[in-house]
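This structure is in structure tokens; I'll ask about it shortly.
Should a chain be cited, it is by its letter among A, B, C and D, assigned in written order, with residues numbered from 1 in that chain.
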Amino acid sequence: MYRWTKMHTINTKKYDLRTDLVIDNNISNIKYKHNNISVSYYEKDGYKYSSILFKDITDKDEIKSIEECLIKELNNYIDSNNILIVGLGNKNSTADALGPKVLEKILVTRHLFSFGNVEEGYSKVSIFEPSVFGVIGIDSTKLIKKVVELVNPDICILIDSLCTSSINRLNKVIQITDKGINPGSGVLNDRGELSENTLNCKVIAIGVPTVVDMDSVIINILKDNNINEISLEDNLIVTPKEIDYLIDKLSYVIGNSINKVIHPIIRQNNSIK
Amino acid sequence: MYRWTKMHTINTKKYDLRTDLVIDNNISNIKYKHNNISVSYYEKDGYKYSSILFKDITDKDEIKSIEECLIKELNNYIDSNNILIVGLGNKNSTADALGPKVLEKILVTRHLFSFGNVEEGYSKVSIFEPSVFGVIGIDSTKLIKKVVELVNPDICILIDSLCTSSINRLNKVIQITDKGINPGSGVLNDRGELSENTLNCKVIAIGVPTVVDMDSVIINILKDNNINEISLEDNLIVTPKEIDYLIDKLSYVIGNSINKVIHPIIRQNNSIK
Amino acid sequence: MYRWTKMHTINTKKYDLRTDLVIDNNISNIKYKHNNISVSYYEKDGYKYSSILFKDITDKDEIKSIEECLIKELNNYIDSNNILIVGLGNKNSTADALGPKVLEKILVTRHLFSFGNVEEGYSKVSIFEPSVFGVIGIDSTKLIKKVVELVNPDICILIDSLCTSSINRLNKVIQITDKGINPGSGVLNDRGELSENTLNCKVIAIGVPTVVDMDSVIINILKDNNINEISLEDNLIVTPKEIDYLIDKLSYVIGNSINKVIHPIIRQNNSIK
Amino acid sequence: MYRWTKMHTINTKKYDLRTDLVIDNNISNIKYKHNNISVSYYEKDGYKYSSILFKDITDKDEIKSIEECLIKELNNYIDSNNILIVGLGNKNSTADALGPKVLEKILVTRHLFSFGNVEEGYSKVSIFEPSVFGVIGIDSTKLIKKVVELVNPDICILIDSLCTSSINRLNKVIQITDKGINPGSGVLNDRGELSENTLNCKVIAIGVPTVVDMDSVIINILKDNNINEISLEDNLIVTPKEIDYLIDKLSYVIGNSINKVIHPIIRQNNSIK
């Protein structure tokens, strides 16, 4: 009786598998392994790409190793102490809330610098949560450009939930690149590039695939079974049941790692916000 | 390189389609239609089952019609003014947050009765959010039994997000029954029945399918294509991208409808909490 | 043993009583009374000032009258349908969360206009929550200026929790002016004016006194008792115990009233987001 | 024009200064000092009372010392590994949200024990947030008794925001006792004792004064000035402006300390949830 609201036909032959931020399926990119974690790294067209691949972020030993690897990689990207951190995504939608949740962990100091009373060992750090177009009616990309103009950081770190085509990477890889990002290229609509070209400061994007779009899942199954066409509602996403717990752990490890890399005194003391 | 953590083989032949709370695919159950909404109703083994099926809860006209139908149906179930309302589910996981979000809308009065200063037209209403086993370490079903013992209501209204096998019902039907519910029979593990038998008071369950389990989706596709077996990770759920917005609208309409049915004075004034 | 961290001496003689946004103690400004509500209005230097004074926002009848008066007054200020609504304050601090909580009620449409599919009767509305300097490290006033540049509204509506010197106005008056506001002039530090002069669009400020600063309370007591000097910690605020409940009701009535004034179709239908 | 809703006359002579949980103004109780922190301890009628007094919980070095002292004291109270932790208070009201916010930090394991797969070094821990009478319409004290019956812990740890009469202790002392607590004896109405007598398990109460009631502040001022009577609205509380930040830090240090004391493996690894 009920029809899907929006139907589209997928031609599985034309469909290209897509991975966000970093394309790292080349085994030759493996830089090192550390317990259960593999870190891959490569450079292309002058940009750096890192992936930290792991098995279980809810394991208390593995999460420490992930943090160690993430800190090591981030040190290869962050080379200034005037930093704006932007948490992309919709905090009301669990799988899309990684960016906003990482911001909650960040030790913000820019206001203290304006009061003139900051100890040595702290960088000048501010945060911004642009929310999403559908919630506030303002385009995230344009909003971030305005905020970068105002704050004038040397580095803008963008954190985002990604949409992947590969179900077995879901919540199992943290990707980093200095090439930039197209926010909403995954779950939402394309809103334009956020990169050094468009923001006029160094851009570091950190992402985790937290959802798979339904099309990709179906296509992979169908391909294996020689089916070439199928009709599907076009706004469905696939995510693990325990996504709230995984997002908690991911935002914890990313937030802590960023704090330790950007504020030398925190790493030294091994203290956490 | 990475393997799915938990694999299982689905035999699509043995798999029975399952709908939670209410089985209403029989066209003969249609009680009435109202604008875009169809209301079905039947009785079986002494229990009542209602379904309010709609097309688009985000449409401003349709949401009013849904509320009218829901109030009409609820009036057929609620016949006392000593009521406990329980919001099942995990408020941190958007698709599972319907129960807790409905509670936010409910006009609670039980404490006012204990102070002795309640105007006529209000029922004696308390709310309880049991959270989930994985978050608090206490079994929801057992916890609710203890709370019912303490509060001693005539009616316990249970509100829950459901897991359906039918992708085209997702967020498009509100189901009501006085038979009870097995919380967690959808997204989580089975935790035992909540019904008049186990709670010793009248039980009314209100549910909305907000997720589909991945297995069901795949099975439907495969069946149509004569494929009989496939291996899948077993903890994936499928949900629309705009689930946060849909849950907002659903909890708004369910919360308001309950308030108007349980507190006569609110319906009369057409005011909203 | 413990000393107050920051001490200052108040000279009660020099202390001028301050009311935010609107100075309305002149009885001659009363425009009309409606049930328990008094509405005062005056103009000065070309600016308009309205106050809606009430006794108990938790009373179900009084809240309707407050909404009627607020809608009537707002209609006197809002004369365009291209609107940005800004919720000032810190959503994590209950008494300061009025602005962010009002935003949750606003029907946002600006993104729909960009998709080209908006029915008649809706204005073009976006929202922005600048958070506070101490949380994000970015100055609210400067941030709002950038957002106004980007969104280019005809009217910017600013909603803020105010700090009053008068304990008996606490949560009992909604003030409106088109003169603008100095955010943080109450609870936080002064951050510069937000007005038509600085934002280059019409500015309408809506505020409610939700806290009293401790100094004002003490001064009033001491004055009555002929005491002229006392030492006090300087960062204390006074608020009612049930502030969370009052903020809920205030944000409900302000949010609904704004929706009905800015979106003609909502007022007409008497529907609520 | 407006009258305070509830007036009462305070006779300052009869007013006894009250401190919650622990009376520790006796200098002879000082057990040890550690950097800026003083720890006092005494026993009375077979019950233990500890206070950890500090100056600035927002100082990164001091917060570590506070954690060390708190762990040391808690070790003197907690002697079983079957534990229920209850967070009293209203999470929607910043100053009253300490209990619920500590719960967010606790590593919960009771559900894992029921699945039979817990590593050594973890205790069996569940949490419960009873909310408050005015929000859910169910009495917290009675609700906690039911939950204790169900969970059957050896120890019930109760965490609560306290109301103190001493403005200079505000957010500057963590108090511990095994005597129990009267929740709501501070901010809310008295709801009956929570203690070993009423819960039939060992009870450990942990509290921090986060608000002062206005009466106490005024009384202290007036006493110093030989004024004996004054009329005041009776539901006002006093709190620092930056209460959200202080509650964050307090819940962080209390949550971490509890985790380290109850789960031996966490202390050993110095890891944090």
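Structural remarks
Keep in mind that, in the parts below, a residue touches a chain if its C-beta (ideal position, glycine included) is under 8 Å from a C-beta of that chain, and two chains touch if they have at least 3 such contacts.
Predicted model, so just to flag it, every value in this text is computed and none were measured.
Common neighbours of chain A and chain D, listed by label, are B, C. When the partners of chain B are compared with those of chain C, the chains appearing in both lists are A, D.
Mean C-alpha position of chain B lies 36 Å from that of chain D.
Separating the centre of chain A from that of chain B, both taken as means of CA atoms, is a distance of 33 Å.
Multi-chain contact residues of chain C (touching two or more other chains): 134. Across the complex, chain D is touched by residues 1-5, 38, 53, 55-56, 90, 92-95, 134, 167-169, 172, 187-188, 214, 217-218, 221-222, 225, 227, 230, 233, 235-245 of chain C.
Chain D contributes residues 108-111, 125-129, 131, 133-138, 142-143, 146-147, 149-151 to its touches with chain B in the complex.
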